[in-house]
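The chains carry the letters A, B and C, assigned in the order they are written, with residues numbered from 1 in each.
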Amino acid sequence: MDQVIGNISILESTPIFNLGLLIDGLLIGSIFALAAYGLALVWGVMNVKNLAQGDFIMIGGYLTWSLGKLGIHPLFGVPVAIVVLWCIGFVLYRTVISKVIERDLFTSLLATFGIAIVIQQSINLTFGPDTQSANADLPTWSFADGLITVTATRLIGFVMAVLLALAVILFMKKSRMGQAIRATAQDARAARVLGIDTEKVYQFTFCLNAAICGAAGALVAMVWTVQPFLGTTYSIRLFVVVTAAGFGNLPGVIAAGFGMGVFEQFGGFILGAEFQQALIVLLLLMVLGTRQLQQLRFRQAVQ
Amino acid sequence: MSSVSPRSPTFWLLLLAGVAAPLAFPDYTNQIAVLWLMIIFSLTWDILGGQMGYNSLGNIFFFGVGMYTCAVAQIGLFYDVGMYTAGSRTTHIVFSDFQYFTGFALGSIAAGLMSAAFAAVASFFVFGLRGPYFAIGTLGVAVAGAELMASWDWVGAASGISLPVFPGTPETQKLFFYLLLFGLAFVLLVFLSWLYSTRFGLAINAIRDDEEKAEAMGLHTRAYKRAALVIAAFFLGIAGALFGNMTGFIEPRDIAFPTTTFNIFMVLMVLLGGKGTLWGPVVGAVVFHVIKEVTWTYFLGWQFIALGVLIVVIVVYFQQGIVGWLMERYPARFAGSAAPKVKAEAPALTRGLAPHPGVAE
Amino acid sequence: MNGAVIDVENVSKSFGGVRANRGVSLTVERGRITGLIGPNGSGKTTLFNSIVGYFPIDSGSIRFEGREISNMKVPEIARLGLLRTFQTTRVYGKMSCMQNMQISIPHRKAGLLDMFAREDAATTERAGQLLAFVGLDDKRHMRAGSLSFGQQKLLEFAMALMNEPAVLLLDEPTAGINPTLINGLIDRLKRANTEFGITLLIIEHNMRVIMNMADFIYCMAHGELIAAGEPAAIQRDQRVIDAYLGAH
């Protein structure tokens, strides 16, 4: 507790620190925003809440880290991860997801949870339980007498995340498939009647999400750390983001992603790193609680 | 479905089998004891999930609460808990036989009551969530429980608590805990057999089938939901107390609040055996536990991957569960439940809204 | 015998920018059959849902047997004796018809111990009678979900009667029903009114049905009440005709 108070007073006495945390939060938040967008996409189009989202990210991260071990610069991990995860998404869609879409929501939740466990444990077996990070060997810049540090890695991560997000958004707006996806999200039956192959749309959406996660994972490996079981934390984190913003509200999801990044930076600083998991879970419960109170005004339940 | 009351032969057969098992298979006493624990897990999960339609991923929370409550009571009645947890590795603290048994007995009762109390309070927060939100919310509660205990020094934080040692030979200890777990499972089965035959059973089934309709008909849905959670929590709490002492050592993330093992097993067992039936969870628990015990060692290293695959397989291919499938195949055998049903429910054309072929009761 | 059992006074409700109900006032007389008609989008369903407590109203008051219910929740209102049926016909699909009936008993005075009571013979007897009343007696052990749509509607109706309501609000009771079965339904509704003394408030689109059944009719359009009177008068009312023909 004293530690916490001590940390808060540091923030109060040195306001510039807050700026540092804010910047870091936004930089990291960009990756959250990207991955949250993918989650919201799958949720909105197929009504599948992908509990394995964080684990897809970890796959991307470990791929990048492995590339780093082989001497290839981690930045190349992004395209590699995108391609590999796209294929993994394809396989998973065909074998599992397509069979649970038409079922009740708990089934799809459990199915993705099973996938999450398989992924986590496979990574653990292959790479061991240690935390890893891909070294990008890029410069760090300091401001304000060393009180604020901005690593080029994080900045590049931010730029890439933004670029990827923009690419996806543009795709959704302009391309045929993008339109088909949005149509299906609004009303699958109507889309089918109008000749859209919803099966293809679902498949594409799921693969797209996997690829987004792969890219996010590659960035995470450079900017932060990866660990076999860190996936769950990401999944919960992203779920909180999408729930708080509402999955149909895509700009909101992106904003909430950034917000989450900032929140975690401050929270991590004040409470300490060991509480990361606890903090996120607490946030989840708070978001669900708030949603309930909101719905109560309309006498509905959180569906 | 056959009921388990003193009037039915099932009651006596089960009682006999349960008591005789450790005598017939003394080497497997512990495994069968855990089987009874699994049956408790699956039956309590089914109250909420199968019978009432609220799929919880956080039932293990009550198991852990019970475990810790019992430990604190057992120790706290005679010693200072904080000192005990701080010093248990260096000093050996002795409990007399009397202290052990009274502590354990009172602790177990306290465990059930404390879990029930938590459930009563939690019901105000948790039942405003439906479907997947409920699942994830309850999972969050379970994880929060683990994390909170792991950071609370008074109860040993992440290192856990070493419980008082059982005064007696290892043989007696095995039998003692076996009988306790069997007893709890048996009582639970008899209790639920009665409970589902009352208005309570109809009410929670109605909530499962159409909660809005039930509300519109004036049913006290909140009261029934609260009662269901409290009942499940009560039994889970006592089970936690028993298991904690059987293990001799409790630890927040893997023993008290095992969110990725027992917590998920209970769902799988019920899905495997058949949701919403009295015997489905039991059958599912037996099949699951036996398979797991037999194959676990073969899959060493790969166990959890196998578990993940199993989850996916069960969820995708075993929709009705064994008992559900049987009820559909041989409806006449299950007389007393709703008679032959024509599968007139057309598959919905919109995604995610298809009703799943249900079981009669 | 007479007197207003439901008293809606100046009720307004908006959803975002859409004003679904604007200062609507109407009364439902005890023991009578009252109809609520109007073209699509007139706000009838919104008013209906407000009365049963499905959502809160923005302003105005709704009284049931003298008691203000606009701030009460759905189950509370139902327990007071104000019941509704659903347009999409909702029954408990995985339970048998008899079980559907058994759980539909009034829960007004239910105490803690009642939650664990066993269903007694009297309840089952009454359920059987009501099932016979709607012609579903031979299907009492069938799963409700496997009944045809029309049969489910009858079951829902029987369940409502089982609940011993003072007032029954019916949301388009003949929607989706085979024309040959409509007469049977109308007949049973009338008997429920005359024999069981249940007051009915019915939203209907089928003019033949509502003009035949109702003692008094309200007509809404554009969120407002535009006409009220006995069927004969309503049929000739120019505003009603305009609303339907010029509906947009």
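The rule is simple: a residue touches a chain if its C-beta (ideal position, glycine included) is under 8 Å from a C-beta of that chain, and two chains touch if they have at least 3 such contacts.
The shown structure was predicted, so the numbers you read here are calculated from the model rather than taken from an experiment.
Asks: Which chain, with its centre taken as the mean C-alpha position, is closest to the global C-alpha centre?
Replies: B
Asks: Pick out whichever of the two, B-C or A-C, is joined by more C-beta pairs in contact.
Replies: The greater number of contacts lies at B-C.
Asks: Can you check how far apart subunit A and subunit B are, centre to centre, with Cα atoms defining each centre and the answer in Å?
Replies: Centre-to-centre distance between subunit A and subunit B: 33 Å.
Asks: Measure off the straight-line distance from the CA centroid of subunit A to the CA centroid of subunit C, and report it in whole Å.
Replies: It comes to 47 Å between the two C-alpha centres.
Asks: What whole-Å value do you get for the distance between subunit B and subunit C if each is reduced to the mean of its CA atoms?
Replies: 42
Asks: Please list all residues of subunit C that touch 2 or more other chains.
Replies: Residues 73-74 of subunit C touch two or more partner chains.
Asks: Would you tell me which residues of subunit A are touching subunit B in their complex?
Replies: Within the complex, subunit A contacts subunit B at residues 46-49, 96, 99-111, 113-122, 125, 187-189, 192, 198, 236, 239, 243, 274-275, 277-278, 281-282, 284-285, 288-289, 291-292, 295-296, 301-303.
Asks: Which of the residues in subunit C end up touching subunit A in this complex?
Replies: It comes out as residues 53-56, 73-74.
Asks: Could you list, by residue number, the parts of subunit B that touch subunit C in their complex?
Replies: Within the complex, subunit B touches subunit C at residues 195, 197-200, 202-203, 205-206, 208-210, 212-221, 223-224, 227, 276, 337-339, 341-345, 355, 358-361.
Asks: Could you pull out which subunit A residues touch subunit C in their complex?
Replies: Touch list, subunit A to subunit C: 297-300.
Asks: Along subunit B, where are the residues that touch subunit A in the complex?
Replies: So the residues of subunit B in touch with subunit A come to 55, 125, 127-133, 135-137, 140-141, 143-144, 147-148, 151, 260, 264, 267, 271, 301-302, 304-305, 307-312, 315-316, 319, 347-352, 354, 356.
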